[in-house]
Every structure is written in C-alpha cells, then in structure tokens.
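Notes follow once the structure below has been shown.
Chain lettering (A, B, C, D, E and F) follows the sequence in which the chains are written, and residue indices restart at 1 in each chain.
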Amino acid sequence: MIIGEFFRGLFLMIWRVATDQPEAKADLLAVFPPSARPVISAVLTVSPIIGIFATLFALTTLLERKGLGRIQNRLGPNRVGPFGILQPVADGLKMLTKEDIIPRSADALVHFLAPVVLAVPTILAFAVLPYGRNLVPVDMDAGILFFFAVGASTELAIFMAGWSSRNKYSLLGAMRAIAQMISYEIPLIISSVSVIMIAGSLSPVEIIAQQGRYLAGGFVPHWFVLTPWGLAGFIMFLIASLAESNRSPFDIPEAESELIAGHLTEYSGFKYALFFMAEYFGMFAVSGLAVTLFLGGWHAPFEFLEIVPSYVWFFAKLMGLVCLFIWVRGTVPRLRVDQLLNFAWKFMLPLSLLNLVVAAVWHFTAAWEFPGAGLGRWLLGAVMIGVPYVWLGRALSGSKKITQRTYRFAD
Amino acid sequence: MVMETLEQIKARIENAISGAKPEIIPNESPSAQRSLLLDPAHAVEVAKFLRDDSQLRLDYCSNVTGVDWLDLIIKEKVKVKKVVEGVEKEVEEPVERKRPGYLEAVYHLYSMALKHGPLIIRLRTENRADKNHVPSLTPVWRGAEFQEREIYDLYGIIFDGHPDLRRILMWEGFADHPMRKDYVEPDDYEYEPTPHDEVLEKTKQHHSPEPKP
Amino acid sequence: MNQPDPYLVIVVFLVAATLFAVAPLLLAWIWARTFSPRKPGPDKNAIYECGLESKGDAWVQFRSEYYLYGIIFLIFDVETIFLLPFAVAFTKLPVGAFIAMMVFLLLLVEGLVWAWRKGVLKWS
Amino acid sequence: MNEGLRSELSKQGIFTTTLGDLYNWGRKNSVWPLQFGLACCAIEMIATTMARYDLARFGAEVFRPSPRQADLMIVAGTVTKKMAPQVVRLYNQMPEPKYVIAMGACAISGGPFKQGYNVLKGIDRFIPVDVHIPGCPPRPEALIHAFMTLQKKIETQQLTGVNRPRHLDAEAPSEFPVPKFGGHDLEPPNNPAVWHAPKLVREP
Amino acid sequence: MFMETAIDTPESKYEILPKTLSNGEMDGELLEVAMGPQHPSTHGVFRMDVVLDGEKVVKLKPVFGYLHRNHEKIAENTTYLASMPYTDRLDYLCSMTNNWAYALSVEKLAGLQPPERAEYIRIITGELTRLVNHTCLVGFLLQDMGALGTPLMYAFREREMILDLFESLSGSRMMCNYMRFGGCRVDLPAGWLEQAKRAVDSYSGFLDEFEKLLTENEILVARTQGIGVLPPDLAVNASITGPMLRASGVNYDIRKVDKYGIYDRFEFRVPLGDHGDVYDRYMIRLLEMRESVKILNQALRDIPAGPIVDPKAKLRGFRPKVGEAYGRIEGPKGELGFYLISDGTPNPYRYRVRPPSLINLTVLEDMCLGQDVADVVIILGSVDIVLGEVDR
Amino acid sequence: MLGEGIIKGMVETARNFVGSYSDPERLTTVEYPEDKIPAKENARNFPFLVYDGDDAARGLRCVACQICEKECPPKCIYIVKSKDKKPDYIGKPQFYPAVFDIDVSVCMSCQICVEVCPFEAIKMDTEFELSNPDRFGGLLQDKHRLAKSNEYYHKIHETEAAEVDARLAAEKAKAEAKARADAEAKAAAAAKAATAAATPKPAPNPTTVAPAK
C-alpha cells in the first residue's frame, strides 16, 4: 500500500516537474512521517541536481572534445559506444581504478583535502540557482551573496592543492591562481551589482521575475542583457567567470605549456578527476548565474514559447554559454599572468564600476517621456560605457596602436 | 663582393700584427677552400683584426669545428746521395717520418656586412694528450661559444679564455672525448640480432662494464 | 508547509556534496585494496620535475607582488560588500543617496588610481 | 578473453569476469598518453593526434604533460644514454596501470643510431615495453595500429589469477632502478631483471 | 595590449659574454626550476635550468645533449652515401633541405654539378620544406602560447598536404632521403607537378586564414611584442642566422648571398623586421612563406625536362679526392652547413654539421633575462629549434 | 578596437566548425582502421625479397652478393651465403642466401639496399601494420617472411615493377641469345666447356644513379 503510494507520489513528482507545476513533491512527501518530511524533501531536491550536473559534466567533457575536434577539422572521440557517448564513462572508470600517488614530501592531509574542498563549494553553488518556474532548490533572500561566498572558497582549495604538493610548478600555479582569482572576483561581483541595483534584490528568484516581461508584442524579452549596462555587465561577467573557472585564455594556473599542469601536477587518480569535475561544475555554476542575472533565467526568448517547460530554457541558455566557453577555448592563446592582472585591475574594474553609474543613469532616465526616449536612453548608456571602453583599451595597449607592423623587404 | 685572396690577407695580417705568422694550408680538392693556420699566441689578436678590419669585416663566425689528427707515420722516398760501389749515385730510399698527432679547431668566417667569405682559420694544439690548449675566440665571436664547448666535450681541446667551458653534449663525469679517432666505445651492442663479424670483433675491444663495488 | 527551511536544504546539500566528492575516493581506495595494490616507491613518490630529481625546496618565500594584489583585493572586496546593501536599496533611494554612494565609490577609485600611479599594479 | 576461459571463470563466479571486463573496457578506452616526445617519431606522434589521423577518436587525445595523470608512455624517438635515467624516472612516476609503446626503430633497438656511443640500444633494457612499432619513423597509422594492439592486449588481461598483469600483482615491481651516469657508460648498462639478451639461434 | 613597456631600442654596444641578472634588491627567495627534458614546450628533450624570482627569470642555462645521437661519429664510420638518410634525421622537420646541404657540400668536395632539372627539383622541394617548417613553427609557437591546438592543427593540415607530395615523390613522409650527390634520386612521378601547383595555390589561402585567425589577435600581440628582443649587432656577433637574424633587421639570406643552386634566377624578396622581438620573428616567417610561394610558382612554371643526375656521379665506390669543403645553404632555420674532410677513402675523415638550431640558442639567455617564465617558452618557440639538430 | 582580433579569430574557428559538417576540406580525418589513405605509388616502409614463380624458396632473386648488407646504413641486414648454387631466372647457377635476416626494428627505411642491389632482388614494401608486443619474435624477419611474390610487387608498385620486369625480360632474352651463340660456338669448338660465364651485367636502373661499372 505504502509502496504503491510511494510510486504514485514519485510519478506525480516527475510529472509535475516535467510540466512545470508547483508543489511537485507534495504527494510523495505525504507518504513519509511528517517529522522526516523536511529532510526527505531536501534530499529529493538535492540528489537530482547533483545527478543532473554530474551527467551534464560527463556530456560536456565529451561535447568539448568533439566540439574542439570539429573546430580543428577532425572528428573527436567517436568509438566508445555510439558516437563516443560512453567515452566519459570509460574515463571515469579508468580514473577510479588508477593508482593514487601522494608525493613523499607533500603535506598529505592538505593534499587529500584540496580536491574535496574544491568540489564541495562548487556543488553548493548550485543550491541557489532557479532552474525553472517552480524549480528553486533554496529560495534565499541573499542567494547571490551566498553564491559568491561559496564561490570564493574555491580559491583556497586551489591554493591548498598547489602548496601542499610541494612541487615547484604547483607552487607557481597556486600563486598565479590566487592572484588571478582574487583579481577577477571583484569585477565578477561588481558587474552583477548593476543587476542587483536595478532589480533591487539579492534573490535570484526575484531577479528572474523582474526579467519576465515582454515588449514589442512578446517578441523582445525584457532581459537585462538587452540594456547597455546589462550588455556590458554581461560581457564583463563572462570574462570574469572565464577567469574564475580557470578556462582558456585565463588558464594560467595550470598553464600546460609553462607549468606542466600547475597546481594539478602532482594529482593522480580520482583526485585529479575531482579537480577536473570541479572546474566544469564551476563553469556550470557561473554560467547558471549569468543566465539568471542577464539572460532572463528560465524565461523563454519569445512570449509564445513560454509553453515550453521553463527548465528547458534554463539549460539551453546554460549550455549555450558553455559552448561559447568551448569556442573561446578553441580559438585564443593564453594571457601572461601580469597582463591578466593588468586586465583585471586596469580595465575590468574601472569599467565595471563605471557600469554601476550607467545602470543608475538608466534607472533615473526611466522617467523620460519624449518621442524616441527609449532609443535615447539606450544610446546614452552605450556612449557612457563605449567611450571609456575604447579609451581604456587604447591606454592598456600602451602608446602603440594595435595595427599591423610594417616590414621592410630587401631584394 | 669578392674577398681579397688568402695571400693578400696573410700579408696584411703580418703587417698589422707583429709576430703573427699565419700559414696557408693548401686544399687540393675541387672546392679549393684553402685556410690560414694561426699560431695560438697571436690568434685572438688576429681574430680581432679580421673582425674589425674595414676591408674584411669578418663579423660572422659561421662554423667552428674540431678535427682529430692521429699520429701519422709518413712514408716517403727521399733522394739520398750515396756512394754505391765507389760511385756516388742518387738513390731513392724509403724514410719513415713520424708526424705527431694534434687536435685542430677550424673556424669558418664570413662577413655579413660585406657579404663575402669564407675565410677559414685553423688553430692547432701541440699534441693530443696534455698540451691541448688553444685560445678561445668566443670573446671575439660570441657565436663560437657553444661550438667551442662542443669541441671541448667531444675532442678535449681546452679553450683558454672561454667563459663557460663545460661539457655540453655528454654528461658531467663522462671520462672520454668520443669524437676522437681512437675512442673506444662501451660494450653494449653485441646483442643485436643481426651482428656482423666486424661488430662482434669490435666488441672485444670495448670497455667492459665496470664491476659494481 | 512543504517548503523546508532553506538552511536545512543547504545542510543537506553540504552533506550530499561532501559525499559526492568523497565517495569515489573511497571507492577508488576499496578498489586499490581489493585488486590493484598501491605500490609506493622512492622514485614514484618523489616530486616530479620534468624527469629530473628535484633540487631544492619548493616552499620558498615568494615575491611580494602577489601579496600586494591580495591587499588591494581585500580593500575592494570590502567595498563590494558595502555596495551590495546599497544596490538592493537603490531603487528606493533618492538621487542624493546615490550621489553619496558615488562619492564613496570615487574615494575607492582614487585609491585604485593611486595604486596604479604608484606602480603597485605594475609587475616589475 | 576466449569463450572457454570465460565459461571456466563464470563457474567460479560471474562477478569476477564481468567486473574484470568492465575494468578492461574502461582502461582500454581511456588511455591517456604522456606528452613526451624524444625525436623524429615525436613529430609523427603529434601528426597522429592531428586532424588527418585523429587519435582522439579512440579517446586518447588527452596528452597529459604530467606523468601523474598519464597511462601510456609513448617512447617516441631515440633514447640517448643521457636521457635514459630521465625516461626511467618518468616511467616510475606514472601511476599504475601504465603501458609503454616503443615507437620507432630507435626506441626499440637504437635503430639507425645504435652504433652511437651515446645511444641506448632499446628502452626495453630498463623498462618493460608493451608494444613495439617498427619504422623510422612509423607512419601515423602505424601508431594507431599499435594503439589498437595495446587495446587488444589490455582486453585479454585478467583481473585475478596467476596470469594477471604486472600492476595487479602485489609482488611485481612498479618502478625500476634508474641507471646512473658512469665514466664511460650508464651503470648498469641494462637492467637484467627486465632485459634478457636473446640467444642467437641461426639455422643455416 | 595589456602591456606598458615600450620596445627597448637596441643597445649599440653589446656585451659579448653571457650575463646573469643579479638578485640585488629583489625580495623573496629564488626558485630553481628545471624546464625539461620532459616538458610540453621545450620542443623535444631540451632542458633549461631557470632561476626564478617570483615569475621573473634571473638566470637561465640551457642544457643540451639529451638527443645527442652521435650523427657525426656514425657518419665518419660509414660511406658518404650512407650518411644521406641520417641527414634526414638531423632536423626532422626539413629533411629535404638537410639532404640538399649535404649533397651541396659533397658536390663541392667532389666537383660535381647537378643538371638543371635537378636544381629546379631541389628548389621546389627545398621551398616546400621551408613552408612545412615555418608552418609547423608558427603552430608550435601558438601552442606554447597556450592556444589549445587549433593553430597547430591547421598548420599540420597544410603540412600533410606537402607531406603527400614528398611521399609520392620520395616514398617517405618525413625522411625523404631524396637527393643524391650530383642530382636527385628519382624523377618526378607523373602528375606530380600539377598536384604541387594545386598545393601551392591553396597555400596562400591557408596563410590568409591563419593571419585572420591570429595575427591581429590582441592576446598574441600582447604576448609577443617587445618580448625577447634581440639587438642586431648581438645577433651578428652570436652567429644567429635565418629568420631570427632577419627579424632583427640584418639583411643576410644565403639564397641571395651565395646564390647557390639557381636561386639567382628567381624573383623574391627578403623580409626584414625592425624590432627583433617574438612578434617580428613570427611575422617574418609568415612573410617568408609568402615569398616561398612566389619562388615555387616560378619554379613550377619554368622547370625544364632533362636528366636529373650528373653522369659523373657514382653511387657505389664513391671516393672524393683528398681535401676539404664547407658547403652551406639557407635552411629554414638558418645557415645549415656541412664541413667535410676527405682522406681519399670511402668514408669522410671529418664530417661536421653546422647546426643553425644550436647556434641560434646562443643568445637564449640574453633574450630571456628579465622576462617571465611564460615568455621563456615562447622565446624558445620563436627561436625555432629541433632537437635532432641541436644535439645531433 | 580591443577585442576585434579575437572576434576575427573566433569567426575563423566558427567557419571551420560549421565547415566540418559540409566541406570535406575542413574535415580531413580519415578513419584509419576502416578507411585507409591509399598507399602512394612510391611509398616505402620495409624491404622485402622478390621471388619469381610460385616457390618462394626456389624463385628468390637474391644471389647473396651481400652488397646490401655492406651498404645498409644501420647495418640491419644479415646474410649468410649458401654453400651450393641454384639456377637463377636465366638458368645460371648462383648462390642464394642461406640466411637472410632483416631486423625491421633497426631498419630506417632508407631504400639504399634497393638502390644498390644489382639484381632487382630487394624492394620496398608498403606494409606498416607491424606493431608487435614481441620484439624478437615479431620484428626480426627471416627470409621466409621476407620473401614475397613478384605479383605482390606488381600490386604495390605498379609502374616500377613493370619497368623492372621489362628490364629483366630484355636481359633474359639477351642472355638466352648469348647462350645460344655460346652453344653454337661451343659446338664449333667442342673441346672447350665454357661454364664460367661472367655474372650477368645488370642494366642500370634509369631512375637511380648508375652504379659503378
């Protein structure tokens, strides 16, 4: 009897989730005694998220390898299972059964803790993202703050990894990682502050709700990315999140061509896999936040498409950003550490601060009521952020312009 | 641009640097690249002259190499006047002359400024064993730095005045100078599946692996 | 009341995440115990350095540049903390409050400019 | 694993066989090579990973620069005596299971350079080699072929029993002594525990 | 971009002997790191012992010999012909030009003259080799800079096309062993010229694509401009040759100076850089490839029919007269020379390779001092070394 | 403007990505074990011995002259000449190799053995799938493994094999004519038995340098 109820509840839950209905867990929870319900409910929330992101991680590694392959005129993994779909499974199995080496002179405890300390916060960051209309694991008022708070602790883990290995390359990698991540932490936060200013809330749910309107007959969504400050903020957020997740061109902590594998040099077996996984989880998390802050979260791009389940849009946008990351990775070379820091402090930080002003101006000009006011607002914002962009870009390149040098020819 | 002939250069060197006695080494092959043998005492001075002289400006030292000349027994027939059966005759008599071996450093010089060359200069050590010093020309041409180290490593010529004369290709602690003609190789390829008789013969002269302490 | 306390969910999340991270390590350990014995050795557990024996210690006192960035980071991180409540309240604030906040920001920007001019941000 | 053996094993416990099969499947399809090239063959090794041959199809394009994450050491090129200790040390620093492909004539036997005084006459004097690829350099396809040969070899290995591979045997060594530089040669010039000089038998 | 230091103007007076930065006022301890012999971007088994102050290089000592294969010793123990396949393995990216340099030296030593068609074939294969080498170099350089394989993959895609040509001509992709004393081994197979024309035609398109992909890329510009500056007078004094020398602005191309082969019949220009930094070295290579394409177009148009081997040349029992000769060509990496002494026997008495890669490394430390670790690998990459030639 | 170059680069990679689905130029992968790049006419990998007819042992063209053994740069060929003789393709008694080993783990595929062989007996194979876990068992090839038929030779090097066959046929015809003439001469001068005939002069291969006469 209970078992029947359980499966009915389970089925109803899946059905409700799939069709975007609220209170998905209600029937299933009714099976359990009331005292256990909160915990069961939490477990029911947490386990699918971890499961989905773990699967997504596996698929993304494959997608990345295949996508890079296509960019590079080749096929990529396609032999393990149909279309190579089992490649990540094989990799995982191999990593599990690989011998684990802890260097003799390393700090064994910290060496062991580092991957765990890295993986746990990146997973925790998933807690506050709204995945769909009714799919919010934790609806926290200070959700964004929580996100940044957990995100910041990953820096410590990377430093632990580099330091404890007692390897010279690891150490260099760790130092670089710290410098890089703290430097990009600030533009990352400040560029999202502009959204918080306009939305007036730190709650991801509320921020998405603010972007839920449509203009121009349902064909222009009211996403923050479609405002001048939002676009600038989005781009800066993306660049900073590339740096935060150590992705190319900001992969200098593990800079393969200089530092072997940087802070990962001494890691083998599944500990290495955990680092690898945490990198992807981090990428998912920041992409998810970017989707929430700038791309309207789970809202459809056009009003008539709202009938499609909301989580589809969320994950589509998320994977779109991930693909962008992969695309960038397949194109650009890596920056040097001092250039990277210069870029953070001398370009990203001033611009993101300026972006706050642009957002404020946007807010104050909302009352404009003359013909063409919308366009005027847009242009004003664009000029306010665009001119300093060009100017700072010039300043950053030093006195010389980025033009091709001329070369002499001798006959 | 055409370079002066070797004779002209030789004469100008002798004029410019007192005591320098360059010697022209002939070359019979179709390449006809003759060379100048410098005496070690004046080599650096001569080299500087060659580099800085306005008509030569041999600013580019292309190639530096060592050559090992073993002790050589030259058999010649010398005409000797002898009294044979009371009559003085000119008779050819075989004479064996031992030419002591030496090590040689050969420098090929070109001019990048005037686009001519090569001028080949040679330095010789006195013998192959202990008197194996020649002056280093690295202070004149930096390009000789690694090549002189290589010659030191492989031939054992010691270049006085070289800034960093260490072994370059073999490891520190290697005892031999393997490019010398009388180098004996370590004993380690007699197991090849297709050993030839001469290979097998050769392995017999090899150093046997040193016994473990 | 079906929505549990958010902090309970966070705690469950924390536990699950830790399990998720530690479980495979445990599994790998079990595998190593059962089938594939770990074989440490003097060479294998030595520090990797491009195939050479590692010379000297990696734990050295490091250059100050990194630390300088750390200090500036602290300043700006605190600033952003102040920014957050301001940002939340922004839409309800009058223009004057915004200008006051801008003055606060400008002071910090001045700090940045000072550090920039002073060459702190320059990698010597 | 042939059918007879499989049924024999399944009598003792089907669990072992399937787990072993899964294990073999996993490690055979995820062989990450060490990013380690020595000489000419390294260029062909790189060419193998490039668009035309695309070793990535087998899931093996993940060339790891650190031996800690690598499974396969492709000894691609001439191992000189000066380099041999480093090669052995790198091999030692790889975690188990680890495989070695000797790519090209030089790595197998010293090849064309075997007459040289500074050339090691085959890396199998110091570490065990799983697959040899002749050629100077072998074509990229030959490397892929060797890779598949290695996969076949992995496939036939058993998880337990006397015939289990070296890395599953607690007694078998996982690292080999690194030779020292001597006055004339490496000391020792080969590792007798690994290298057995063949007896020359020549039928007339 | 992202960079403030202006380009150092080349100092007029160079210091001849290698120098090392002192750790005078710097804080922090020094870190001694070995880069190599197994390192992703030392292009083989090269090793640099680097002393770092933070990320800055204060001392750098190259360590050689990990690929010392005794090429010269083996050649002195074998016949002239048998050394030809070994030259393929010197600089294993450019076997054709190695063959050519060796054949040229032996021809000088023995007084042979290759017929006209052979000279044309040599120029075609030689310039194709230059394309291969420069393409790969640019790919590897970008790999060192951290581009995730894409430029290298594009480079190798084009390389495969030229290797196909080499394979159908000589039978082997990399180790062509194609040239012989006084000519070439086999004549061009049917249809080869057309195939070569197609390959050369598509090459300009590839170069355009490559430039679009990278040349204006801000990260590349920021990473390379002003890095690893080599002043021209030091370059000359340190015997630097090839594109690296010309990137420093010295006009010295042996194809123009010696006019060996029949290079005086072709119209091409020698690109020269003004800054001598990594970016110039990168660009000089791209520009040289465009000039090579020009030479190839002319050669493929003008190639005459005729014999391909000097009838005086002997395959077996080849014994040049007693004497010595030094022959050199403009290899893709610089001056590649062979110095041979014959004592009249079938084996050379002295056989010496003048390796451009090794000698171009002389100034590695001078270029790297004061730069970052990350710069060291791209400076090394821009020098363009192949270990087979450095250590021989 | 900052970022322009990166965007240009990204457009280029996107073009390649999209092109990889439509343009074969942009998806150059040949899936090796299933598809193979057709071997080039001239391709070479390791030498093999050509035999005529059906019997590998009897039809071997090799006469154990050991020229290839001497000329082989890495010395990977090992030949033992037979005690007895057997008739070759023109019926002339010749030695044959009692042992003919090639260690392909040493071979450098340089083709010099083919060039110097006066008997068209050794040719280059295009086979490359030789990787083997067993070095000596798998890679030391004896004459039984090396012997491959003339038909196989025709299959892999069509043009070259046809030329070789034409040349051999011409030679055979010449030799037969000569033999006939000799026989007639012998018949005329019945007292003499001419058994010691000169070895057949090989026609120079037009594609290679003429061997020394």
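Convention: a contact is a pair of C-beta atoms (placed from the backbone, for glycine too) under 8 Å apart; a residue touches a chain by one contact, two chains touch by 3 or more.
Just so we're clear, the structure is a prediction, and the values are computed from it rather than from any experiment.
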Fewest hops from chain B to chain D - one hop per pair of touching chains: 1
Relative to chain B, chain with the most remote C-alpha centre: A
Interface with the most contact pairs, given as the two chains involved: A-C
Cα-centroid distance, chain C relative to chain D, in whole angstrom: 40
Geometric centre distance via CA averages, chain E-chain D, whole Å: 32
Inter-chain centre distance, chain B versus chain F - centres from mean C-alpha coordinates, in Å: 42
Chain A, residues touching no fewer than two other chains: 71-75, 95-101, 168-169, 171, 256, 260, 265-266, 269, 330-332, 337-338, 342, 393, 396-397, 402
Chain B: positions in contact with at least two other chains: 169-171, 178, 192-193, 195
Contacts with two or more other chains, residues of chain D listed in rising order: 23, 50-52, 54, 57, 65-68, 82, 86, 90, 93, 95-97, 109-110, 112-115, 117-118, 136, 139, 167, 174, 198
Chain D residues touching chain F - in the complex, by the definition given at the top: 51-54, 57, 101, 105, 108-115, 122, 124, 129-136, 138-139, 141-142, 144-146, 148-149, 153, 198, 202-204
Residues on chain B engaged by chain E in the complex (per definition of touch): 27-31, 33, 59-63, 65, 67-68, 106, 108, 112-113, 115, 118, 120, 138-147, 150, 163-164, 167-171, 178-179
Complex interface listing, chain F residues touching chain A: 1-6, 9-10, 12-14, 16-17, 20-21, 26-29, 31
Chain A partner contacts - residues on chain C that touch it in the complex: 2-6, 8-14, 16-18, 20-22, 24-25, 27-29, 31-32, 35-36, 38-40, 42, 44-50, 54, 57-60, 62, 65-66, 69-70, 72-73, 76-77, 80, 83-84, 86-92, 95, 98, 102, 105, 109, 112, 116, 121, 123
Contact set on chain F toward chain D in their complex: 27-33, 36-37, 45-46, 73-75, 80, 98-99, 103-110, 128-136, 138-139
